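As written, the chain order gives the labels A, B, C and D, with residue 1 at the start of each chain.
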Amino acid sequence: MIVEVSFVPIGDGTSLSRYVAKVIKNIEKSGLEYQLTPMGTIIEGEWNEISALIGYSHNLIFEMGVERIITNIKIDYRIDKKSSLQDKIDSVKNKMVEFDG
Amino acid sequence: MIVEVSFVPIGDGTSLSRYVAKVIKNIEKSGLEYQLTPMGTIIEGEWNEISALIGYSHNLIFEMGVERIITNIKIDYRIDKKSSLQDKIDSVKNKMVEFDG
Amino acid sequence: MIVEVSFVPIGDGTSLSRYVAKVIKNIEKSGLEYQLTPMGTIIEGEWNEISALIGYSHNLIFEMGVERIITNIKIDYRIDKKSSLQDKIDSVKNKMVEFDG
Amino acid sequence: MIVEVSFVPIGDGTSLSRYVAKVIKNIEKSGLEYQLTPMGTIIEGEWNEISALIGYSHNLIFEMGVERIITNIKIDYRIDKKSSLQDKIDSVKNKMVEFDG
């Protein structure tokens, strides 16, 4: 499945990038394919791996002194075909070319 | 933590209520506190319980013949104070009265 | 359409209820049907009305001294049949009874 | 503000890329800065521009024969500093280097 996740630590100033950086470094260690976007992190993997990663990310952020986190997760889970991060982008771009044609 | 989840089965007609009903009946069995809203289901519990429930819900929906699910999850996780589903509503309503006062 | 919206003011403490209360009082004035949930506010209306309300809500929150807001919006827009807030809940509950059989 | 949007047309098969392609071509015409990700489209602009674009996108998708759309929107709106799509990525990457250091 492909999962987009974003963590919003509340109550500790408007700059959130150091929390995101901490979490991303941990995602990197997991070995899962991921992509950082301006609005979140997109990860490819199984739900048991990714949900464990999300649970651990909460702990990492709390350890940095935050007391409340709002987390948004969007899952795209399909069993009709395998679709990687790059496949999804390519699929849209190919259709855009067809509309041009 | 408090978690809102909504499952969108793709490609099987515009009526989604039978899938939601199936999932809710399973959440009910879990014994976790929950509330059904017009846009999702709000559950109170620990991440390991809720993430397992989400994983199982995907299986339930796939077993009903769906081949793709988009799932949205929003987590409100705070360690500074305990806040139940009803506490959150009450807290806003009390503030609304203050603004009136 | 039915729209769920939640505003997360960043950087001003972990208690967000006074901002939500301010915004809800304004939604109330709009005359649109709405429902407060533990995770957001669900509104029934047209996109031009609701998007204007969202824009105005941002201004209200900034006026209270916040400098950053993360806003989540989920829209359920269908043209095959009219479905109110209560219809959506009823539809799931009826299906739950059917499963009980 | 920076806005991530994703449209999920319901009930018309599991392949959604042609709808996304149609919408993206229209976003392109708007002249707003945008980035396509595997999970949505991220746009930089003012709320009145972006909300009009979202309203128009719904019409485009309905014209293609769809009868129900679930749309997710996440807004990051800050007035303390200007932050472009690239700034947000750079900010996290810089912090990641610091943690390494």
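Throughout what follows, a contact is a pair of C-beta atoms (placed from the backbone, for glycine too) under 8 Å apart; a residue touches a chain by one contact, two chains touch by 3 or more.
All values derive from a computational prediction rather than experimental measurement.
Novice: More C-beta pairs touching across which pair, A-C or A-B?
Specialist: A-B
Novice: Any idea what the CA-fit rotation angle from subunit B to subunit C is, to the nearest 5 degrees?
Specialist: 180
Novice: Where the centres are mean C-alpha positions, what is the separation of subunit B from subunit C, in Å?
Specialist: Between these chains, centre-to-centre, one finds 15 Å.
Novice: Averaging only over C-alpha atoms, locate the centres of subunit A and subunit C and give their separation in whole Å.
Specialist: 25
Novice: Could you state the distance in Å from the CA-based centre of subunit A to that of subunit B?
Specialist: One centre to the other, that is 20 Å.
Novice: Which positions in subunit D are in touch with at least two other chains?
Specialist: Expected reply: 10, 14, 67-68, 70, 72, 74, 76, 78, 80.
Novice: Along subunit B, where are the residues that touch subunit A in the complex?
Specialist: Within the complex, subunit B touches subunit A at residues 10, 47-48, 51, 54-55, 58, 62, 67-80.
Novice: In the complex, go through subunit B and note every residue touching subunit D.
Specialist: 8, 10-14, 16, 67-68, 70, 72
Novice: Using the touch rule from the top, collect the residues of subunit C that touch subunit B in their complex.
Specialist: 2, 4, 6, 14-15, 17-18, 20-22, 24-25, 35-40, 42, 72, 74, 76, 78, 80, 85-86, 88-89, 91-96, 98-99
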